[in-house]
Structures are given as C-alpha cells and as structure tokens.
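These notes open a run of structures that come right after.
Next come two complexes built around subunit A: one with subunit B, the other with subunit C.
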Partner chain A sequence: MVVKKPWRKILYENQPYPDNYTDDSFLRDLRTNIKPVSLGEALWGATLLLEEFCTVVAFVLVYVYLYNEWIQPQSIFTISSVFTALGFVFYRLVYSKDVQVNLGHDLRTLLIFMVFGHLFSPVLHTLTDTVSTDTIYTMTFFMMVIHLIFFDYGVSAAIVSNSLSLSAAIFASICLASRLSSAYHAFILITVAVELFVLFPLFRSKIKKSFYIIGPLVLSDVYFLMNSSVLFMIVFILTGVFINIGCPVLFVRYQKYKSNIYGPWDEAIVDDADSVIEGRNK
Partner chain B sequence: MGYKICMVSDFFFPNMGGVEEHIYNLSQCLLLEGHKVVVMTHSYGDCVGIRYKTNGLKVYYLPIRVFYNQSILPTMICNVPLIRNILIREQIEIIHGHSAFSALAHEALVIGNLMGLRTVFTDHSLFGFADASAVITNKLLQMSLTDCNHWICVSHTGKENTVLRAKVSSKRVSVIPNAVDTCAFMPDPSQRSSEFITIVVVSRLVYRKGVDLTAQIISEMCSKHDKINFLIAGDGPKRGLLEEIRERQGLHDRVTLLGSLEHSLVRNVLNQGHIFLNTSLTEAYCMAIVEAVSCGLQVVSTRVGGIPEVLPEDLIYLTEPNVPSLIKTLETAIDDLKNNKVNCPYLCNLRIKNYYNWENVSKRTEIVYQKVMQERNKTLQEQLWSYKTSGVWPFLLAVSLCYLMLQFLEYIYPREYIDIAKDYNYKKKSKEKIY
Partner chain C sequence: MPEHTPAPTPSRAVYGFAMFLSFKTFFILYLAWAVLPEEWFKYVGITCLPQRYWAVAIPIFLLTVLAIFAFVIYPNLGLFMTPSVDDLRTIKDSTCVRENKTNLLSPKNSEIKCSCKNEDRCFKNFERNCGDYVSKAIPVLQDLNIWEVSDHLYFK
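And now, the complex of A and B:
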C-alpha cells in the first residue's frame, strides 16, 4: 500500500485528497475570547460610570440647595470656584508644557464666560419659565440619562458622542435654572453645570481612575443627600452598589457565555496614515 | 452530454473584478468540456436582455435595478416569476451562485432549491466575527444558504471561515482555488528600467487593501533609498491619501499613480516593475500576487487570510502587516535583486501555469457537480427543516411564500407553455487553440 503524503494547507499543488477533505488541523488557528476581563478590571472600569453618576447627583444637589435657599448662591460660587481654581492649577502645572502661553488664553475664556453669562442669565432664567415644573423635572431626568449614555468614558464605541452628552447636560441645567428665584441664581447654576460637565471631565480624563476622586465624590454626595432626604441617600447608595459592584460581577460571571471568534481571516489592524504624516511634519 | 448549469451573480461583465473574471473563465472552460452554461446577472446601464459572449456563452441581464454596491434589493419574492421562467426555459439542472454579497445569487439559490434543482455556492470573501455588520451578514448568509447542496471556497482559510459563519458541515465545503490565465501574464523583462528599481502596487485603493500601509511605506522608502520608484495602478476612496503623500514630499517624479486600469492592461504595468507589493489587510485568495509572479516579479506581501497558502515559500516574501517589517522585507527583496538571487521570470510563469490553470479548476468543479447531481431530491419538509436551523423563524414564512408563488405560477403559467430555448451550436474547438 502506498503511504499518502500528509495533507498540507496549500493551494498550489493538487494533493491526493478530495477537495472537500477536512484535515485534523482544520480550525487549528481559531481563537476564542482572547482576553477575558478580570474582576478587578471590571470593578475599576465601572468606577468611571459611578464618577459621572455622582457628578450628576452633585449637580442636582446644588440645584436642590439653591431652590430651597438652604445656602447662599454666593457661597456656592465661592466653593466651586476655589475647587475649580485648584484643579486648574494642578492640571496646568502637571499636564501642560508652557503654562505662560496658555494662561492668557485661559483667562480670556474665563472673562468671556463671566461677562456673557451675566448678560444672558436673565434670558436663560426665563427661557423655560412657562413650562410646568413636572415637565421640567421629567425633561431634566431624560437629559441626564442621555448625558450618561453618550458620555465619553474613554472607550472607543460608536455610541460615544461628546457633543450630544454635553448639550444634554447643559440643556438640563437651563431647564432647572428657570425654577430658581432670580437670574443670579440661574447664573450660578449654569456656572456650576459648566464646571461639572465641561471642566471636571477634562480633569478626570487626565487623572484616569483614582481613589482620590471617586472617594470624596461619593462621600460628599452621601453627606449632602443625608441632610436633604434619607430615602434618597439610601437609593443613591443602592444604585452605587449596583453600578460599581453588581454590574461588574454579573459581567465577569456571564463572560463565559460570550464567544468572540478570532482567526487568520480577521482584518489586520493598522495605524492611520494621517496621524503618521502629521507626526512627521511636526 | 454535460450538465446544464446556470451561473448567478450580481457581478459580471461589464463590471470588473475577481468574481467577474472567475465566472467568465470558469464558464468558458465548462463550455469547452461540453456543458451548457448560461450566466444570470442584473442589468448594467443599457445592457439589458440577452447577450452572447465568446464561444456562445449566453448571458441574461435581468431588468432589475441596482440597490447598493452593485447588488440588487433583496426582496426574496419579486423576481420569482422571472427567474423561474429562465430556469425552465434553459432546462437548468445546477444553479451555481457566486459571492456572498450578491443578493441575486441568494434569491436564485432559494428559488432553485424550491424547484428541486441542485445548488452550488462559491464564496469569494472572508468575514470577521467581531463587529455588528459582520454578525448580521453572517446570519443572512446562514439563513439563505443552509439548504445549498455544496459550497466552494477559494482557500482553506476561506473554508474555515465559511464553516464557522454559515455553520455548514465541513464535508459539504470544497476548496477550489482561483486560477490565472498565465498566457495573458507573460513576463517581459525588457520593459523594466535598468537604472531604477520599480515597486508596483496593483489594487483597489480602499482601506481593506492596506493603502494606509502603502502610503507610509512610500514616504519611508523614498527618503531612505534614492533609486526606487513606485508605480501604482488602481483607484478608490483612498487615492487622495497617496496623492497627499506625493504632494507633501515632492515625489512626483518617483511615484506614478495610473488610476484604474482595464484588466488586459495590468500586464503592461506589472512588466515595468521589479517588485510587487501587496499590503492587503485581509484576503481570501489574492489574485494580484499570482498575476505578479506569473509576470516574473518578486512579491512582497502581508501574511493575512489565505495568502500563505497561495504560493510556495521561494516565490513570495511574507511578512507581518506593519510598516517596519514590510520595509525590512522590501529591503531584503531589493538586496536579493541586486545580488541576482531572483527566480527566472519565465520559470516563474511556467510554475504558476502548473499550479493554477482554469482547466484544473473546471475539472475540480465538475467533480462537485457530479457529486451534487447524485444527491437525492429533498422534500419541502426537509428543506423547511434545514432553513429552520438558522433560528430565524420569519424566514420560513418568506420561503413558504416563495413556494406558494411557484405553485401558483405553475397554475397560471404552466411549464408546458414556456418555450424551451434552443441550445447554441457549441462547436467543440480544440483546446490547444485557446490555451
């Protein structure tokens, strides 16, 4: 009996095997679920969502305090400005190269915002004045949900849209501003909104995940919620636990039902040529 | 007497590409073997109706509008009367669909199955599994093609891919590579420049063909070596990128962009080069590199998809799909060229002729046809059962509706009243004349 040559995975020879022959090596290069996410990674990753959720809660708390006149708008302005200034100094000193050049630009932006904010706050204050309060609160809720859904958590997904997320949050703040007692209150609320939804995410995107952000954020939220409503504090804590512990645990546990298939047919991933050209021309 | 075969695909002449070339050449070879072959495709511009090509290859250009990307709108039921009529008129026994992107092929295969004909499907491309569009396309493919009698893939990697995404038994999938008409790709070293080393790229300029890599390689190679020119044939959305590189670095005299070319002119371009560069990111079977080797060029290519199976190691320089390793391999190829360590172009041509020719392809396809003709007829129940395995229940309704329409058509337009087309008087020419 003639011993057959072993089958080879080539096309350029007519091998003594039928065309529909399937060798033992069939699908040898198949890989499934290359890198499973560990529990630690999942827990850390979920803190990004929790951070943004806490930011939204913090903003609503500011509104509640202003609305009920539990605190003077002036003191909110002072506190938030101090934190923003501290964050700004830290951000510029640690993460930018030439502070001098940027400083003038930053100050100009700040000035423009203050002047135009003050000028337009009466308009913004009365913009949604005629809408009933229930509608305003529902609208705010949905806008904040949209903000959380489309927010850029640092994952490249098709759903991420910075502009939509930011617009939703600003729109929510304008809705809420109309419920406040004066135009000055409205100005303060919008200032806080800009600080929380524009500047704070910029700051966090550099720092990435850190206990020093998530910890104080959660604790202050809990403290102020406790002062206003114990029920909502409990709801907040339960939600936090669900987001940051429940969901990641479920995600990691149910990973085994996922089957991502990789093999030689996958498209190779290459760097974008544009970025390379840009880099060389600098 | 041979089989009566109907090739169905959205892609056929006057459109140009690998699938079109494949259908045309395979049909010609099957005609020579004494089979009856007709081609069914949708209309291209004013190219509607029946046309005859070389050797009496009959082509039906159906009057259906193009929907997207040269493919028709997949309605499942709208074209049932037309396709049924043609299948009966031409007394077709085997329907051979081509390309997973072709909606017409899918429709004809489903109708053919319901009419009790044998169906074969050739898959020309690879798909990933990672993104949403791939998930949907794979499901559609599985849905409409589970009932096919046999599948043909162009490479072993393609077979693995197809078995995974359409969930067919590997016994029902054959691997038959593409072929190249080596006579049309004869080497001609006299056209090469003796002063410069010319690197040729022939591909559509789209992302999947790795134009981003090509662009970076051009700029690096041109600044590193001064005796190297680039010659690029092909067109596409990424052309602007190459033009930009050329503009920024002032390489007008060294990088030539020829735009899209007719297939018959590709040989002239290839013969002007020393080295052929292929930067595809995914490829089931790369026709271009085989054509290049047939013209006697050294081939540098990325190691993706089915490319490692196509050529023996001494005819190709394989490398990883990134810029540094591609440049390194290109430099190896250039050194080999300078030290005269290259294969004789005419020997390359002969070897390719041995490896890949259309006669071989059509012989192997014939074996598939024989096999499917021996399979027994399936009952409607069995067919519906196999469609059910895809898990998309509504699709059963569509198939059932197709079946009811066929029965209804049988009543209002009975088989006996359809004229049978006269067979073209196929003169059996001697094969030497053509090859």
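And now, the complex of A and C:
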C-alpha cells in the first residue's frame, strides 16, 4: 500500500487528494472567543457605570434637600466647594506637571464661572418656570438617562459623546433649578451640577477604578436616601446590586453564547492605534 | 477615534450587552406602568407618571402610521410615479437608440503613416488593420427602438 503524502493547505502543488477533500487539520488554527472577560474585570468595569449612576443620584439628592429646605444652600455650597478644592489640589499635585502655569488659568475659569453664574442665575432660574412640575421631572429623568447612555466610561465606542452627555446633564439641572425657591438656590444647584458632571468625571478618569471612590459614594447616597425616603433607598440598593453584580455575572455567563471566530485568515488588527499615534507625537 | 465597525471588538460586546439588558428592563417597566393599578403607584409615592392612556395610544398611533405608510402611501406613490399605459415613456427613454447606424471608430487607412524603424513593432500598423476589428466588434450596450424590434419580428 502506498502511503500518501500528508495533505498541506496549499494550492500551488498537485496533491494526491480529491478536490473536495478536507483534512482534519483544515480548521486547526480556528479560535473562538479569544480573551473572554473574567468576572473580576466585569465587576470592576461595572463600577464605572455605578459611579456615574451614584453621581446622578447624589445630584438629585442635592436637589431634593434644596427643594425641601432641609439644608441651607450656603452649607451645600461650602461642603461641595471643600470637596472640589481637595480634589483639585490632589489632581494638580499628582497628575499635573507644571502646577503654577495651570493655577492662574484655573482660577480665572473659576472666577468667570462664579461671576457669570451669579449674573445669569435669575435667568436660568425662570427659564423653565412655566413648564409643569411633572413635565420637569419626566424631562429630568430622560435627560439623565441620555447622560448615562452617552457618558464616556473609558470604553472606546462610537456611541460615546462627551458633549451630548454633559449637555443633557446641564439641561436636567436647569430644568430642576426652576423648581427651587430663589435664584441663589438655582445658582447653587447649577454649581453642584458642574462640579459633579464636569469636574468629578475628569478626576475619576485619572483615578480609574478605585474602591475609595465607589465606596464613599454609595454609602453617602444610601445614608442621605435613608433620611429622605426609605423606599427609594431600597430601590437604589437593588439597582446598585443589579448594575454591579447582576449585570457582570450575566455578562460573563452569557459569553458562552458568543461565537466569534478568529484565525490566520483575519485581516491584521492594529491593537491600539491611538496609543501608537500618541507615542509618535511625543 | 473610535469608529462604527462590524468587527467583534470588546467595546461592541459591552455596549451590545448593555443595550440587550436595558431594552428588556425598559420593556418590563413599560408593562408594569401599563398593567399595574394606579393606586399601587400612588401608594408607594409615584405620582408623576403620565396617564396610562398613552401606554396604549402611542403604540396604536405608531402602528397606524406604519400601516398607512405601508399599505396606502407607498403603493400610491408608486402608482403616481408610473406613466400611463399609452405614454411614450413606457417604450422610450434617454438611453434609447436614436440612429440606426452606430458611429464606431474607424481610422482612415491612407492617413496613417509612420516613421518607425521597426515595422513589426509599430503601433500604428496595428491601427491600420483595425478596421476589421471594428466591424466585428460587439456593439455598445444600448436600448433598441421598439418599432425597430417590431419591424424585425413581425414584418419580415
């Protein structure tokens, strides 16, 4: 019996096999679902969403406290300013190179915001005054959903739009500002909105995943929700558990239903084009 | 800069999964709003929900729009844009042949003279014999006049 030459996956030679012959080694290089996401990665990734969700809840809590006059606007301003200043100092000292150059610029931005915020707060306060309260709350809900959908969680996707996300959040804050009792209240609410939706994400994007951000955020939200409404505290905790435990577990479990195939026939993938371009510019 | 890509990237997987879950969640919330008695919402303190009339009205409205567009507006648009049966446009358009003879390129044999030293490799020599090719060539794709076709089919 003549032993055949082993089959090779080539077209440029005549081989002693029929044309429709498929060897066992034909799909040897096929890989499915390379690099599955581990549970730990998924859990940490979900904290990014939970952080932003907690930020939104914290903002609405500030509104509720201001609306019911449970706290003086002055003290909210003081507390938020202290936290912002601490975060600013930390951010500049740890993540910036030339502190002095940026400091003047930052102070000027702060001054412009304070002056124009005070000047325009009566306008912003009465801007949506004639709209009914139910509409305002529904609008705020949808704007916050848009904010959460388009927020930049650090995953490179085409849907991410920082400007749309920020505009939605600011629009929601202006909607809510019209329900408050005075223009000063409105100014405080918009200041808190800017701190929470502009400065805080900048700060967190440098810190990335940290237990020191998500822990205090969740605990303070739970505490203040408990003081205002036990029902919504329960809803918040359930939502948090769903976001940060339910979804990642489902995501990791459902990965087995994926069937992405990879192999030597794939076109070349530039792994991280952005970093390559950045490295060249340096 | 991220782009819309059909490649199975990890970010698409995450966003697709988030979309899958959120649509399920919103559908359940919609059903709860549409089906559960209003007193239950009032009992837990949710009073700012829109009237439940809209839970039925908006889907019905959208379905009506869809039905009207699919069964009335689009078929009628098609009918309006179709010329009537005795219109000349049904048998003739701008790509129709106007002349019987097609103007194909045929060089004049006598005009071409060449200064090439090697006669065999001269390109004009090829062109000189080109008349044969032109007459045998497949004509350009074009519509035929309907009366010409009828003439060939029924009068000969």
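Quick note on the criterion: the second predicted complex is superposed on the first by the 267 of 282 C-alpha atoms of A that agree within 3 Å, B and C clash if a C-alpha of one lies under 4 Å from a C-alpha of the other, contacts with A are read in each partner's own complex, and residues count from 1 in each chain.
In the analysis below, contacts are C-beta pairs under 8 Å (C-beta built on N, C-alpha and C of every residue); 3 or more make two chains touch, one makes a residue touch a chain.
Note that the structure is a prediction, hence the values are computed from the model and not measured.
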Touch test for A:Tyr91: subunit B only (first), subunit C only (second), both, or neither? neither
Across subunit A, the partner (subunit B or subunit C) reaching more residues is B
Is A:Asn14 touching the first partner subunit B, the second partner subunit C, both, or neither of them? first
Answer with first, second, both or neither: which of subunit B and subunit C does A:Phe77 touch in the superposed model? neither
Could you say whether A:Tyr137 touches subunit B, subunit C, both of them, or neither, answering first, second, both or neither? second
Between subunit B and subunit C, whom does A:Asn260 touch in the aligned arrangement: first, second, both, or neither? both
Would you check which partner chain A:Leu250 touches, where first means subunit B only, second means subunit C only, and both and neither mean what they say? second
Go through subunit A and flag every residue that touches subunit B in one model and subunit C in the other. 260, 269, 274
Within the complex, subunit C is touched by subunit A residues 35, 37, 45, 133-134, 137-138, 155-160, 229, 231, 247, 250-251, 254, 258, 260, 269, 274
Contact footprint of subunit A on subunit B as seen in their complex: 126-130, 150, 155-158, 160-161, 163-164, 170-177, 208, 210-213, 215-216, 219, 241, 244-245, 248, 281-282, 284-285, 302, 304-306, 309-312, 321-323, 355-356, 360, 364, 367-368
Sort out for me which residues of subunit A touch subunit B in the complex. 9-14, 18-20, 22, 26-27, 29-30, 260-274, 276-277, 280-281
Subunit A partner contacts - residues on subunit C that touch it in the complex: 1-5, 7-8, 10-15, 17-18, 21, 44-45, 48, 50
